[in-house]
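Following: one structure in structure tokens, then a few remarks.
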């Protein structure tokens, strides 16, 4: 295990260090004193594990392809942007556009997320991106989603607090969103419908929530005790009839 | 659809029965079901309403028996209520949809290219004969480090390499999916053979074409289709597509029926699903977000790939370009309002954006005023029709240009503007395997190569006429341009004098 | 006044120059003789000289040679000078009456040193401060023009044949270790005293034959670096280009020449990797400074001269040497006229600079 | 030997190879006369097979040991030992169509000319240099080239 | 090398070509019992009906023999072979030494012993001499009886009908050309012929011949029917001409000469090809292919003859029939059939274990060779069985790898 003290390092220097350590066969790195350095893990291919202490900067794990990153702290915008594979575990909150255009891999966020999270996610062949959010989410959750899975758990909500913002899954044309609890219909985009999860869905939720609980030391049964709804698109061609051919 | 369509046929196909040998090539080749054969009666006939005047039948007919006529206007000619307006209204009354179209803006806005004239040497300095003397068109794209020092190689670790072009003409972004694999491959092959670049557009790079990746500008658009590190590292240049000249400010929808297995594999999305590109990148809502994506891409490719940012030519393009340069881009691509497209809402295509000539002039001038012109290359796109247009663009300040429509015309496109239907008879804007095979990439690449060769030679002739033997002496050299019939504001914006004025 | 287009043009310009590398100074009569031989190449609309080492007594001061079309402009400029400089000495530039020369402007010279406070205020180097001030005068003061502004050197130019200009400026009374001269045949600028060659900036002086077709590109590039282009002449942009490359971007003069007359890509592609890299970067970064089209130039500077042809060698240039003296001129005869027994004559290739510098010892002696 | 090879990936089903073949084998060598006076429509010696979107031009492979030559009862069908071209000496053909039954490619069709039987088969335009089908193929789906056996 | 070829028909001529592929110099001598250069035997019916003239009979132009440096001995018969001495003796006593010898003596018509049948009162239908003799008798209005409705009988029938002769076919089997036509096809052809005035008697044969009145023959059939005729043609089969090898040790005669896969007979340097070979169908393509291969092997080649299934293309009075392999098979086979009696179209394919084993096409014969290819190669057709009889059946109907492989040839 290699420890890197990131304090005061520019992101170029830090990322160069991380990449060359990985290139040289180090498989477990601990980044201490991280504060605002962007693009950590960006475009990195292959196996390895990073532990990050502090607040990494934007676009953490963007275009990442295989690493596992565990963040002990909050993360900023764009975590997992266009990510291809790997795992990101966040012991805190994430802000806007987490998982934008994500194609594969998994992101687990213990806390809340900001606006436009999980938008434009897409599945491909054996890739099926997954984001699990412990808390609540802002507007445009799952917008334009073309594939993959979003799970929103709504843990620790205050009484009367909404689990998700408005315009949920507008333009969605693939994938699935599981929300623990109910969502007011007016919050949903007109392209999606809420249905009851099937038995197979329940089984998958058990696995997903099981992982989530394990990462954050929670009790899966308790979380699963509350029913989920599932959002799916009406069809794969939401704008098929918009045009005069 | 109403039972009675009020839409009169736009074209009429006339068959000269004296010539027709009933080989049926026309019926087999028509992509729009306008040519029919009745086997029982051994009779060929046409359905005019279906004809889009793509000229496929005319070209393929071995005996020249076919002629397509524009039908007379459906109503009394009216300079205000043009036929186009009437047709649009009828179509929308029948469908309730947004009008779609393909290829570039066809409206009669003034073309500044046609109001600019080039200079030539006489006596006081010699013209140069490109047949005899070296004439250099090589252009490097990327950010230039100055001053030049005597140290070897890159001056900084975070400086991306420069990319040479053997002619300042590249092939515009046209995605696999919007065009056929055959068309895409033609562009790739020609780019490689000529030593220039093609642009993948936003649809990724098919696996079998990675052999041409060294000549690829790989695009990252809002939909992020096919974007992964392998793709980014394979290409020579990465381009962030913010906007497109044909449809500034709006996104794109590639309909699910064009997403076949191969397109799906390249875009890395499921088959049959719409490929939706949102209007903005949802991770770029401000210029510093652009910088964030620029450096995400540079980090992900270890600073080995210059990053281009492509924007539509819009009203504030100069300031936008300055921001892009300062956001770390190595190349700025500006796409003018004449730029083509596979599909755009007609109203957007025809009424949004500004001419590329003015955009080049404004951007080049602005970057020079800020002293940062050398930090970026400026690539212009959007409606280049000839080598003269290219020369004028470079004299106005572009480093290089993209040609899209011209390239497609070289491949067979007849500008029928029906790309969005996916029925392209020429095998270009379609994924229908019956039609894509009409474009043999060998031939396509040759035709494109020929076009580049012809244009490049013409550019050399024009340069030689000006007494210049290197393209960099043309770049921004507006003294070699003169305006005709332009008003003072236009002359000032273009930075050129009026014809007849001396230096 | 004869203007372009009035009659057929039989020839182009003439340039000539030499340097005594041992630093020995000679008067201006031989350079006049040399340039006069090539009278056929000029048309009486411009002639000029630059001389180095002529003001040893003021060698630490900028010698501002100015021309004024009227007293108003002179007053304006003097105010500017007083504001920004200490004036060590000033006088009217000595002239003598020459029948062929008329309508001469007011010609003054000032030996100055910039006020330190003003340099600080400008947040610039001393040289940039000087440059900007010169440009400010040229651009903003109507009727005034800075003919030269370097140290221990001066330019003398005007409308007329060069031999008449030399006579007019009494160049036989100056002693210089290097002289360059120009006889002009303008077609695209009117015969104006300021427009004659050489064109100068700080110590740089440039005489030039030919017309570069890349002027617009060169000019717009230089404008990015705060050069104010006022004269519309190639010579001006050449001087600025040399200033940018050598003084500001610290390139050796030899490489600067490789920017102005860049090797062709096919040559660059054949170079060994290191050189290829350097030359590629030079062309890519400074491509806009490539002087494209016909030219031969002589660049004078403190301690040396450089002659250079365009890369296709579209203009004549001959070099010769005898002893410690290097001669360059448009025609061999112009050299033979003043040095009949040259030891060596050669014809530089296109793009290959001919550079003569003071020997180290002479350099020390002169600057001591 | 040089043969015509089909490249089905580029065959666009225009059937112009058939047209060009017919013209090349017409008396007039003129497309209008061939079709309108000589009535040669349908007599192409190359057959474009269709299995849309796939189509491919099928024609004689000019076999090393041609079954059609072995089967010819009149000695009309021969393989030119110099060029390798398998062709029919039309005036010797009696129209038994053993050649039709022999050809494993189905590349010989029974036909007739001036009331005499005529096997419709490719003769590589024996005297024309590049065969007409290749010369006229608008998409280079047919190429005339030498290929190594088994390549 | 010294080559002697006994016989001068298709097998021998092809053997010359085969030899010359390997040996451009060796001496080749052809011994021809007939007085003609090789001609396509099936052409005799065309000659008889005057669709082919004498000048067009030669199978190869006369220059063929000169070009290939072949000595042809016409009208000479080989009568004895001395394999020890490697010599063959001709009827005129000349002996030819050989290094390699090809027995391509073909066959001769099978003429059964029938009461009253003499060489003078009947005709056979195999050689040019046969039809030259027949031509003199076959004048319009006369009547002919043809014994045997196989391909030879049918071609004889056609040429006689075309000459205006009234023809009656007598066939022992229950249908005409029974080995090739299944009952359905035979019915179609029979009907077609009857429509053209041909009498057909099935399940019958000739028992006796008598010279009747006016020089006409009085023919007595097994059924008891009596027929009067001017001409009697016997066309019931062929017998291999194996006499030269008869009783020589080391040779097996089984009707024809048994040969190894390289077409050698077992006697050193002696090969056989064509109708004389045991088990070979007396068909021209087979003779040609065997001749070519035997020739190559004689000259140093090492080629194996892979038996080619019988196939035949026959035109009779404008009706075109192609039969391939087990084209008449019925029970125990899977049959695909398409018939359009009005157009006299009949198409039938015989399958066994999802492989084609036979095919029969009447009047719509396009692409017939592809079936033959499928049969010869034993290709499984399950995946495209439903396409086999489609009108647009072609190479593209086959699996991709097959048509691609075919077109790459």
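To keep things simple, chains are lettered A, B, C, D and E as they appear, and every chain counts its residues starting from 1.
We adopt the following convention: a residue touches a chain if its C-beta (ideal position, glycine included) is under 8 Å from a C-beta of that chain, and two chains touch if they have at least 3 such contacts.
Here's who's who by UniProt: A = Ferredoxin-dependent glutamate synthase 2; B = glutamate synthase (NADPH); C = Glutamate synthase [NADPH] large chain; D = Iron-sulfur protein; E = NADH-dependent phenylglyoxylate dehydrogenase subunit epsilon.
Since the structure is predicted, the reported quantities are computational estimates derived from the model, not experimental observations.
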item	value
Path length in steps (a step moves to a chain that is touched) from chain D (Iron-sulfur protein) to chain E	1
Path length in steps (a step moves to a chain that is touched) from chain A to chain E	3
Farthest chain (mean CA position) relative to chain C	E
Whole-Å separation of chain centres (CA-atom averages), chain C against chain E	105
Rounded Å distance, chain C centre to chain D (Iron-sulfur protein) centre (Cα mean)	80
Intercentroid distance (Cα basis), chain D (Iron-sulfur protein) paired with chain B (glutamate synthase (NADPH)), Å	43
Centroid spacing, where centroids are CA-atom means, of chain A and chain B (glutamate synthase (NADPH)) in whole angstrom	37
Every chain pair in contact, whichever chains are involved	A-B, B-C, B-D, D-E
Chain D (Iron-sulfur protein) residues within the chain E interface of the complex	5-6, 8, 47, 49-51, 54-56, 58, 61, 63, 65, 67, 69-75, 91-92, 94-110, 147, 151
Touching residues on chain A, where the partner in the complex is chain B (glutamate synthase (NADPH))	11-12, 15-16, 19, 38-39, 42-45, 58-59, 62-63, 65, 77-78, 81-82, 84, 97, 100-101, 103, 116, 119-120, 122-125, 127, 143-144, 146-147, 171, 173-174, 236-245
Residue ranges of chain D (Iron-sulfur protein) in contact with chain B (glutamate synthase (NADPH)) within the complex	9-16, 18-20, 31-32, 35-36, 41, 52-53, 136, 138-141
Of all residues in chain B (glutamate synthase (NADPH)), those that touch chain D (Iron-sulfur protein) in their complex	19, 21-25, 28-29, 60, 62-63, 427, 432-435, 437-440, 442-443
Footprint of chain D (Iron-sulfur protein) on chain E - complex, ascending	14, 40-43, 46, 51-52, 56, 58-60, 284-285, 288-289, 292, 311-315, 320, 322, 324, 365-370, 372-373, 376, 392, 394-397, 403-404, 406-409
